[in-house]
Structures are given as structure tokens and as C-alpha cells.
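Inspection log for the structure reproduced underneath, given as C-alpha cells.
So that you can tell them apart, the chains are marked A, B and C in the order they are listed, and the count of residues begins at 1 in each.
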Amino acid sequence: MKTHDSSSMVPPPDTKRLDAGRRRGLLALALGVVLVHGMLQACSRPKSEPAPAGHEEEKLVVFAAASLREGFGKMAEELKKSHASVTVAFNFAGTQEIRTQLEQGAVVDVFASADVRHMTALRDAGRVEAPTVFAENEPVVVVAKEKAGSIHRLADLPTAERIVIGAAEVPIGKYTLQILDKASRTLGADFRARVEARVVSRELNVRQVLTKVNLGEADAGIVYRSDLTSAGDNLSVVTIPSEINVIAKYPIAVVVGAAHSGLARDWVSLVLSDKGQDILRRFGFRSPSIAEAAR
Amino acid sequence: MLEAVVSGGIGARQIEARLDTRGGPLVVVGPNGAGKTTLLLMILGVRRPSAGRIVVGGATLLDTARHVDVPVESRRLGYVPQDYALFPHMTALANVEFALARGSTNPNFPPRRLQALSLLSDFGMAELAQRRSSDLSGGEKQRVALARALAVQPRALLLDEPLSALDASARTDVRTFLASHLKRLGLPALVVTHDPADARELGHRIAVLDAGSVVQVGTWAELRARPASPFVARFVA
Amino acid sequence: MTALGSWVRARGHWLLAITGAVLVLFLAAPLLGLAFATSFGELRAGLHHPLVWPALRLSLGTTSASLLVVVAFGTPLSWTLARAAGRFARAVEVLVQVPAVIPPAVAGVAMLLAFGRRGWLAGFLYPKGRSAAFTTLAVIMAEVFVSAPFFVQATTSAFRRVDQNYLVVARTLGASQLRVFFRIALPLAVPGLLAGAAMSWARSLGEFGATLMFAGNMTGKTQTLPLAIYTAFESDLRAAQALSLVLVIVAFVVLLFVRALLARSAVDTPPEY
């Protein structure tokens, strides 16, 4: 007849049972620790597993910035032609995320970042071997189709009602702010302020910027040229003048202590080869300028 | 007087009954699943029969032929369900006052609290007025439930298994108390029970319900003399 | 009964407790990891991070508002669902559960498709052309969307558990449907309601994906604490850890408070008079 209320977690006001219960609970917790520890020991594998050479399937683990998804995907197909028994396992995510995962002990063979800063930090910490810039990516302005008529040039950007850019903490956001600063030299000292007054969101991921402009929620945004290959026709593109633009440099490096270092170097060679560069260009990237490549 | 003719029901619970409280309280008995509670709910207005007519104290509460159907809250029937259903989050006093809320706004009328206390004291429950209803004994609950039912100044009283929640020792005394009280109030009364002792003491006549139909109506003596079915015979034995 | 069987039988209590303990450890381990990895100095520095206070204020403000909305609209809905029979009611009940299953980012996109500039409700809702996206209102909308299912589920169960007899008796005593709801059903269902509200609030406090997609990420306007954490994460892992600890502590304190409230209400609810 009584309502069964949900606070049945309340222990009955019986102190003797309470003490026994609490003791049991603590001991159970302790035994649980022992159990879990035991299970983990049983499950863990030795840290360095030398890759068995020969005819077995080999797996190459590549961590790469999200914008490289399509390009590296094609690159993997290319690798299959010369290394038939190799599968490439990718982890595409924001550069900060993959860097953290690597630092926290993820098993990785190759690291490709959208940003020199993160790679330098990894290099200084001894986590990766000497990096090479393998591609460049050009920031562009994308405009939603409704506004395509009114925004033709970078100078028109402040006329957009809603602008979405990357957060200053992510590479594209950093580049965007640098571009806006450079633009202020020629388009008016308050250019950056005028643009920022129209910014409604600072996304954590360049694909989010693209999505919002694509969906028409934002009038304009700044993304990489490589992102356009997956953009569809809902957008129009405004090129940023080269004297104002800040080009993103993508470095790649073999991870120190990689399980498949030979394969890793093969991958890097492929990426830097003419075939690899060709693939990247098809997806909107640029080959590194001669000065970079020689470094 | 209460007169009811109803037929209908939901799914397997179909009932077909004609009864009245001529001469005194009517006790409704029958095996489990006979439809006793369904019958009560139909008279209360909680269940709707497909056809029927219910007249209590001269007021027509239901007449399907003439499209008369007084809503539950306006029928003014005093209901005491099995286990009494006293609102557990309220005191005994608050339970009774809840029934008075629809009362008169006449300033000369005594305030609700006084009315409620007076009703409770009729049942000897005035000292326990502030007790939480979940802290009362079975017998005390029954009395508060009765007081509450009477607070609406009902045309009739409907009691569902009024004594089954009590332990055997309390039952005899409470049964006597209830019988005398029903007599004193003089209201038409319908009592559902499965206990032959209740039937004998509380009711003037007994209606036996089996599989949804009334198989016999009569006084205890009449049922004893000429039982209409084996169940009746066993009941009055 | 085999020897093993009787051994197990005798220690039934222990086996249950240990199984439970394993889960508790699993849940506690990452939280402890957060606590161990953050020194007091880092926690203090984290509290001074420029993103923290605007985000904390925004989170507390929006989650309070969304809780209010969820409770105000969810309670009558739960009451109706608890008492309604039939296929339509069951279908509605399931529909209300679905937002809990959708990945939050997808929920965010879906909200844009409904309430965004080009959304199918845009013409109806925004005659002047400005949509709700990228506003603080959008944060509240996203939070309501993802947290409502938890409240409705718990509250519907709570109303179902209220004994029908109380409701019937109340009606016979002359009470209208509304009075029965407010004076009888609601008070008796309050513990379940409170628990549901706590769960719902906790879910909206941690809400990230839908908010990011639908409301965006602007400090002071739409950057709730989870978004601030993720933003900080992009540049400074330590700051993100400190902020996460702040979030965990705030949530823990509030939920503990609600639990204590529930415990008290069960043991010594004062009678109505």
C-alpha cells in the first residue's frame, strides 16, 4: 500500500548491521583491488614486441592530423602495391589529441601533424626522430551559398553576419588570427577587430568550421584548401592573397621506439616521393616549398 | 437507498448485476475474481458500465439510456477501499480535511479544521489527529478512513473488505463497532467481503456474486434455507 | 549440493560485494587519476585560468535553466504517460527516450536541421531571420534535449509506483484531476522526481557534443565548462586537467547534497500539518 520510494539506498537505522556492512564493503573493495590487479597482469603484453618479419600480416600504426584523412587513405592504397602484406591502421584526430595519446604511451609508428609547434615539442622530448615537412596547406575563406554574392574578397569578410573560425588553441585558429593581423596592415588597422566582432563561434576542429558554413548556419569561415575536396557544392571559395596568407606546414616523423621502424621509414619515403606528393596535391595540399623540403 | 443495475466491464471482467439496499446494508460476497471490486468501481464512477442505471438517495448518478453520467468527484459516495488508502504523507487530520476542501464557503460554517476534528472525535480518534497516517494501527486507520469518507456527507457508503487488513483478535470488536455505526448512520451501505462472519453481522441482506453475475440475494437465513449454488451453501455453512 | 555449491552459497554476500567493488574501482580509477595528476598548485592555477569563471557561471546558469524547463514540462508529460494506456502513449514514451541514445554531436546537427537558419522550422520560428544557433538559448536547448529523457523516465516510473487506490479515493472525496495531481500524486512521487532531476542535471552539466555543434564555442556566451575544458586541452593539458577536476568536484558536491536531501525526506518527512 505504501509508495515504494526510490531512496531505498537509505540503510535501515540499525547500527549493528551498519558497522558489519561497512566492514564488509571495505574488505570487498580491497579484494576487488587484488582481483583487478591480477586480471591486468594476466592481460598485459610485454612492451616491446619485435615485429615478426616475413610472410605474416604486418600492421603500421599512423597517427595523423584530421585533415590528412582522405589523403593518407589513398596513400595506404598506394603502399599496398609495394607492400602487399602490410595494413595501415590510422588514428585521425586533432593534432593535440594525437600528441597527447602518443605522450601517454600509445603504440605508434609514424606521427604526422598539422602544426610545426606540436612536432617540435615531441622532438624536444625525444619522442620522435627528426621531422620533415611533407606538405603545406593553404587557408582559404569559405562562404555559404546564400552569401556568395556579397563576399568576393577577403576585404568583404566583415560584412558577413556570422563568422566561424577555429579557436586560437587549434592550428587553423592560430593561422586565422595571424592572417587577420597581417590583413590589418593593408585592409585597415581595425580589420581584425571588425571580423572578430562577427565571430559567433571558435571551433575546436577545422571540420566543424566547414560543417557550420556548409549547413548555412554561418555565413563564412576560414578552413584549409584540402578540406574543400570533401565539401560539396554548397560553398563558394575566396582565396586569400598570398602576401596576407599564412601557410600551414605539415611535418612527419618516425616515432622513437617504433615497433615497425623499417616500415615507418618506407611510409615516410612514400609520402615524400613524387607519387605521394601527387596524391596529396589531388586532395588540395601543396608540396613544401623547396626551402622546406631541403631542411 | 441505493439501487444499481449495471452490465459491462473490461475484457475478462464482465459483470451483470442488479441490486439495492432495501431494508439495510447490502453485503456483496463471492469468490475471488467474481467482480465484486469492479462492481464497486462502477457504482463509484471510476469504471464505466456499457449499460446501467444507478440511483442513490433519489439522485440519478448514472443512466446510460438517458446519457446521464455524473463524474466521480461529484457523486458524493463515501468509499473505503481495502487497506483503507489513507494518504501516507498526511496526518489523520489532513486526510479528513482533504475531503472537506470542496466544502462550503459559507462564513458561518465552522472552519475545516474544526469540522475534521469533530468527525474524528465521533470515532474516538481526536487524540490521534496529528499522528501520521502511516503510524496508525489497522483499527485506527479504519476509523480515520470512515471519518474521511463521511466528511463528504455521502449519499451512501461503499466499503471494500473493511476488516481483512486487521488481525484476527481485533476483527471481532471492530466488526461489532462497524455494525452499530452503520446502523446509527442510517446511510445506504454496500459492503464487499469474503468473510461469512462479516456478512452475517454487517448486512441486512447478502448478494452473492459469481463469475460476474448475482446468483442469489437474501438474508442470511434465506440463503441458509435455500442456497442457490454449492458456493452459497459452503459460504453459509 | 556439491562442495563448491555450498561454498558459494555460504559466501553469497561476499561474492556480490566483490563484484560490485570491481565496478566501483573501475569508475573511481580515472577520477582518482585526475586527482593524482593535479597538484594543489596546478589546481589553484587552473582556477585562475581565464576560461574558468565565465564557463562555470555559464554552466551553472544554463543547467539551472534547462533543469527548470525539463521539470516544468516533463512532470505533466510523465504524469500523462504514467496513466495513459495504449499504443500511442507507449510510442511517445519511447520517442522521449531516443535523444539519450543519439550521439550528442549528431543531436547537435539534428538540432541545427530543425532550429537552425535553414532548419525546417526556421520559417515558422524566425520571421526576422536570426536563428537560435550560437546563442546562450541554444545551450539551454541542447541541454534540455539530451537531459530530458532521464528526467521523464525516472518521473514516469515514480508516478507509476504511486498506488492507484490513493488516486481513486481522492477522486471519490471530491477532488478534481488537478487537485489529485498536486496534493496526492506529486508529493508521493517526489523522491523519484528528485532522483530523476539530479540525473538530468548531471547529464546537462557534462553535455558537450550537442552544445558544441548547435550553440558553438564563445567564451561567456556559449562556452560551458566542458567546452572550456576541451578548448584548454588543445593548448595546455594540465590546465584542462585542473578544470576537469573543478567540474568533477562541483558535480560531486551537488549530487551528494541531493542524495542527503533524499535520505532525509525518506526518514523524517514532516507531516503536512
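We take it that a residue touches a chain if its C-beta (ideal position, glycine included) is under 8 Å from a C-beta of that chain, and two chains touch if they have at least 3 such contacts.
What you see is a predicted model; the values in this text were computed from it and never measured.
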item: Chain separated most widely from chain B, comparing mean CA positions; value: A
item: Chain nearest the overall Cα centroid; value: C
item: Of A-C and B-C, whichever chain pair has more C-beta contact pairs; value: A-C
item: Separation of chain A from chain B, taking each centre as the mean of its C-alpha atoms, in whole Å; value: 74
item: Centroid spacing, where centroids are CA-atom means, of chain A and chain C in whole angstrom; value: 30
item: Centre-of-Cα separation between chain C and chain B, whole angstrom; value: 45
item: Residue numbers of chain C (touch at least two other chains); value: 163, 165, 188
item: Shared-contact residues (touching 2 or more other chains) in chain A; value: 1-3
item: Sites on chain B at which at least two other chains make contact; value: 83, 85, 88
item: For the chain C and chain A complex, residues of the former touching the latter; value: 13-14, 17-18, 20-22, 24-26, 109, 112-113, 116-118, 131, 133-134, 154, 158, 161-163, 165, 188-189, 191-192, 195, 212-213, 215-218, 222, 230-235, 237, 259, 262-263, 265-267
item: Residue numbers on chain A that touch chain C, as the complex places them; value: 1-7, 9-10, 13, 24-25, 28-29, 31-33, 35-36, 94, 96, 100, 162, 164, 167-170, 199-204, 208, 211-212, 215-217
item: Sites on chain B touched by chain C in the complex; value: 41, 44-46, 72-79, 81-83, 85, 87-91, 93-94, 98-99, 101-102, 130, 132, 148-149, 151-152
item: Touch list for chain C against partner chain B, complex; value: 163, 165-166, 168-176, 179, 183-184, 187-188, 269, 271-273
